[in-house]
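Scroll down for the structure; my scribbles are underneath it.
Chain nomenclature is as follows: A, B, C and D, assigned in order of appearance, with residue numbering initiated at 1 for each chain independently.
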Amino acid sequence: MFIVMRAGHNESEIADIIKRLQQLGFSGHISHGVERTVIGVVGQTYPELKETLEAWPGVEDVVPISKPYKLASREFQPHSTTIKVGHVTIGGDTIVMMAGPCAVESEEQLMATARAVKSAGAHILRGGAFKPSTSPYTFRGLGEDGLKLLAQASKETGMPVVTEVMTVNDVELVSRYADILQIGARNMQNFNLLDEVGKIKKPVMLKRGMSATIQEWLLSAEYVLSQGNKRVILCARGIRTFETHTRNTMDIDAIPIIKRLSHLPVIADPSHGTGKWYLVTPLAVAAVAAGADGLLVEVHPNPEAALKDGPQSLNFHNFAQLMAQISPVAAAVGRRVA
Amino acid sequence: MFIVMRAGHNESEIADIIKRLQQLGFSGHISHGVERTVIGVVGQTYPELKETLEAWPGVEDVVPISKPYKLASREFQPHSTTIKVGHVTIGGDTIVMMAGPCAVESEEQLMATARAVKSAGAHILRGGAFKPSTSPYTFRGLGEDGLKLLAQASKETGMPVVTEVMTVNDVELVSRYADILQIGARNMQNFNLLDEVGKIKKPVMLKRGMSATIQEWLLSAEYVLSQGNKRVILCARGIRTFETHTRNTMDIDAIPIIKRLSHLPVIADPSHGTGKWYLVTPLAVAAVAAGADGLLVEVHPNPEAALKDGPQSLNFHNFAQLMAQISPVAAAVGRRVA
Amino acid sequence: MFIVMRAGHNESEIADIIKRLQQLGFSGHISHGVERTVIGVVGQTYPELKETLEAWPGVEDVVPISKPYKLASREFQPHSTTIKVGHVTIGGDTIVMMAGPCAVESEEQLMATARAVKSAGAHILRGGAFKPSTSPYTFRGLGEDGLKLLAQASKETGMPVVTEVMTVNDVELVSRYADILQIGARNMQNFNLLDEVGKIKKPVMLKRGMSATIQEWLLSAEYVLSQGNKRVILCARGIRTFETHTRNTMDIDAIPIIKRLSHLPVIADPSHGTGKWYLVTPLAVAAVAAGADGLLVEVHPNPEAALKDGPQSLNFHNFAQLMAQISPVAAAVGRRVA
Amino acid sequence: MFIVMRAGHNESEIADIIKRLQQLGFSGHISHGVERTVIGVVGQTYPELKETLEAWPGVEDVVPISKPYKLASREFQPHSTTIKVGHVTIGGDTIVMMAGPCAVESEEQLMATARAVKSAGAHILRGGAFKPSTSPYTFRGLGEDGLKLLAQASKETGMPVVTEVMTVNDVELVSRYADILQIGARNMQNFNLLDEVGKIKKPVMLKRGMSATIQEWLLSAEYVLSQGNKRVILCARGIRTFETHTRNTMDIDAIPIIKRLSHLPVIADPSHGTGKWYLVTPLAVAAVAAGADGLLVEVHPNPEAALKDGPQSLNFHNFAQLMAQISPVAAAVGRRVA
């Protein structure tokens, strides 16, 4: 961490800063430049130190140098993490396909979808039992009944299940039924929930918050990792920008950035990333080309009648076409779809 | 709600849409324009209907016309809501000043601050016992000990207390000590938490999410209102933009917009809105000039030693100066500071 | 275009609006909904009409239905435009590779780069003679000397040249040397310049403005098209968001969106889209997978010594590797690299 | 400027960097921290050096320390610049009111508006003769005829005139008629135009680009200043964000930030800043409270019939009311309206 002094600071301010640093257990390394004096902070710094230093007299800016996350960083662990869920390995050579309805609506809807995506080549079943909803007046999911249906579909098809948990109180319940617990974009900084899923024995898929920086996203992963749960999967799903043609702007560039900064696997969700079904396939293949370890895709037997996210859901036919397009692109970048 | 048909749709698609609308209990009103055919949806529509209709064949776009929130809207309640907390009225002629430390750190720190802001003219004491933190490695608050100190400071100074609650499980605990429960920006769409504070008997101050639209903010207020808690206070605190000079861009324009769309009181938080103490006073007076019902300001006995948010905290002297500047501006726009 | 009336409007306001519409040559189609009254505007509307109508008494909102651009839209021209430049066809089955230095610095630098990218398989040479620069104190290009070098490199290698024109006064000059004139992101709404390049006989490559919506981008294309120049190429190059890890967020989703809305070819510029050389190749293959008609890539003999954009430039080796990765991905999506 | 070395760099990379720095005329100051090695660059750095250094082997990041603009900075000139235009002083104790129609439409419209705003207390007449327009099909101004009408209105009312110039070729023409030349938001980085208005003898009002950072805005001012024209006025006019309720988000916080970073006067344009007439007055008073040196307000005799910007224009009555509200707020912050 470096302290940049204000132009026109006086020497007593520097002396004062050196003394304060020593009181905190650091030493200060003064460096007089042509335009600015800079003090290097020597010692094991921590993120909140920046705010402390910024409030000191004579300080113009404080520049952190090391990254504020550690367990999530590739510097800490150079080799890529792979996560086994049933027979599926996430983060290895194989592109992992997670597919299913946005919300579990009924036994018929879920079972039909599970069979269809399985037969098209999906590896993991997705489906929401607890649904976040911007408005209090819309469908919020079937709750435990939805979880039971997911477990039933998993049993029949052999696919592990990923589903969202929205609140600390439901972590134990959802863990009973699901193989991977998803933390949704709106809860990416629900720190109590992150702490809680950090204590369980199941993998956690952490979606990027709509306006979270990549650093904030990795810091949220760090919450889970630092509680002892090392099986964290990141999921890119679009960010909020000024563009109004789509609900979100799909953050394809986050995929190679994460691969560089972190050892954790990263999945792409082109359904939420775009909000429009006809953009799902082009962005899905783009994500795989850019290095994604898998995809999360919303599929519905009849998107026109879906209770949630109809406009961004693929029907069975379109999902099969997506699968057909993924394979050659995966091969072109040295991966494969099992 | 209006359905805009795709150019080149065929007549059977229109007939199909009319039939589907009737099955859902609506009627359709066809209108052929020069470039597009539009179908008006007649009946009591609801927000999620948009998604359903967008997935129908031949549909290009669906345009909602009525607002998706109701209880929060000024159309529903034309007169402004006022909220009494102890002797303080929020939303009336008087600008309400809420001040105190970002985080409760110790009895000395809190009591000194409480006395100082009280003597400078503050009406409500703010202070965090549970602190959201981007990193798992930074200070996260004193918890219940912090709540006890807040209650003690409230008792001594006579100021009601506003403090944040971060999780459903703490609502009952925080309610025991606080007069107003704050929902932080990162929890604005923690829907389980919104449901829970909708059931209590205390006022709720709902901060705008960093990248929440004004409509989403009012929908989150609607969650609380629809559970029966009518005492909701909105708090503007800056939004995330491309600008990097400040942590956030202070959303002053949200203040008159909220006043027009909603009957709920709106408070401005220039401390989080800017992240820099020297911007707090100019933005505070701007907020009052723009119609804010009050201010939430971070004050610390010694910002240079604060555990959280030092760079954006005012010391006692600067807070007294802010108070001195607020009064004439409030008077200039027909308000007063008690 | 639809007029949404304010709740609580009165009948005389509606009568007044109908009369005003008739004076402007339109007719009004009234439709009373449960919550709102809406008036359909019948006739050949135009974009600025929205603003006019919004200012009328009783009006809450005006919703345009048709798109404000016409010549650029796929509705106007269903088949995709292809543009021939020398032996190269842009917008056809073949992925077109445009490569070269950010700025022309010297004969050696340019000739070496031109030969290297040609031998790696590039089709078009890029290079800047006039360089936009955020600061007045940095390198702004060699001007006409740079153009002459580009023409020389073109002659030797047989590759057509694309280069930026920044001001109306240089259009004639740049046209003399270049095969394609590029309009940079900062000039996307330099309307005088758009008019001017609309009158020339050479193709124009129009970059997306850093914060331009897709609709604004297509409206800028419409400027060029409406002056008679039908040979417009669009170029996606990243948009400005809150993320600070990269200079821009690469707008991969704009590629399939443009393909759907417009018949114009679209090129991707992953160099400016990301600002970091190690992200160029993953985003380049992602762009091709998503449907881009070509790529624009910055290449420099020695990026460490580049006068501009060194951090985002590939060296010859890395560019050859990029070319090797593009081919199989292009094939996987049914395209090829000549 | 500081070079942050990558974790795991080797000593030869450091030696190499020191040598390269020396070749460029700098010296390097090595500092080994616990987690990172940092090299301070000693000498007179310049902005583009950052890009050069970032491309060197072993470098992870380059952190500039001094600001890239100089003439615009308050460090360079501690006292605030005041600019005299006729009898009006911009940047002094008095709030300067600039008002008039978005576009000059006719003699009647302009003269009526000029008289009305003059009589309500305005100091400077605004009006557009050359209008930037997102669509090629909308009204683009009366051109020189508009300039002549502005000059006539100026003569009659005694108010100096501010009007926009859009292209290098019109600078001489517009200078003949106008007292202040305005550079619009879309041209903030039209560097040729900035160079050109840097050479004239009239003040320049530089609007902030829709997605320009404050630093980029000051760098554009630096273009004008570095050509010799010291009379630059900045104008805040709203920035592009994710919020869709308004056309822009009014950047009130930019006002005190500019006052701190620069000596140049800053004007606020709440008409473009919000796009809605009913938000103009609250944001105007907020801007004055936050420290703006003046306001730029769109006024039209009959906004409902305006050719441009009707929804954000005040009529004469509303402008008089705005003037009445500005005075006490100006007084409250120690300013006055002449």
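By definition in this document, a residue touches a chain if its C-beta (ideal position, glycine included) is under 8 Å from a C-beta of that chain, and two chains touch if they have at least 3 such contacts.
Everything quoted here is computed from the prediction, not taken from an experiment.
Residue numbering at the subunit A/subunit B interface overlaps substantially, since over half of the positions present are found in both copies. With chains reduced to the mean position of their C-alpha atoms, the one farthest from subunit C is B. Per-chain CA centroids place subunit A at a distance of 26 Å from subunit B. Our note on geometry: subunit B versus subunit D, Cα centroid distance of 31 Å, whole angstroms.
In subunit C, the positions touching at least two other chains are 211, 240-242, 244.
By the touch criterion stated above, subunit A contacts subunit D in their complex at residues 2, 4, 7-8, 29, 31, 33-36, 38, 40-45, 61, 63, 65-66, 75, 211, 240-242, 244.
Subunit A makes touch with subunit C in their complex at residues 211, 213-215, 239, 241-246, 249-253, 255-257, 260, 273-274, 278-279, 282-283, 285-291, 325, 328-329, 331-333. Taken in their complex, subunit C has these residues touching subunit D: 46-48, 51-52, 54-57, 68-69, 132-140, 166-169, 186-187, 189-195, 210-211, 216, 219, 222-223, 226-227, 240, 277, 303-311, 313.
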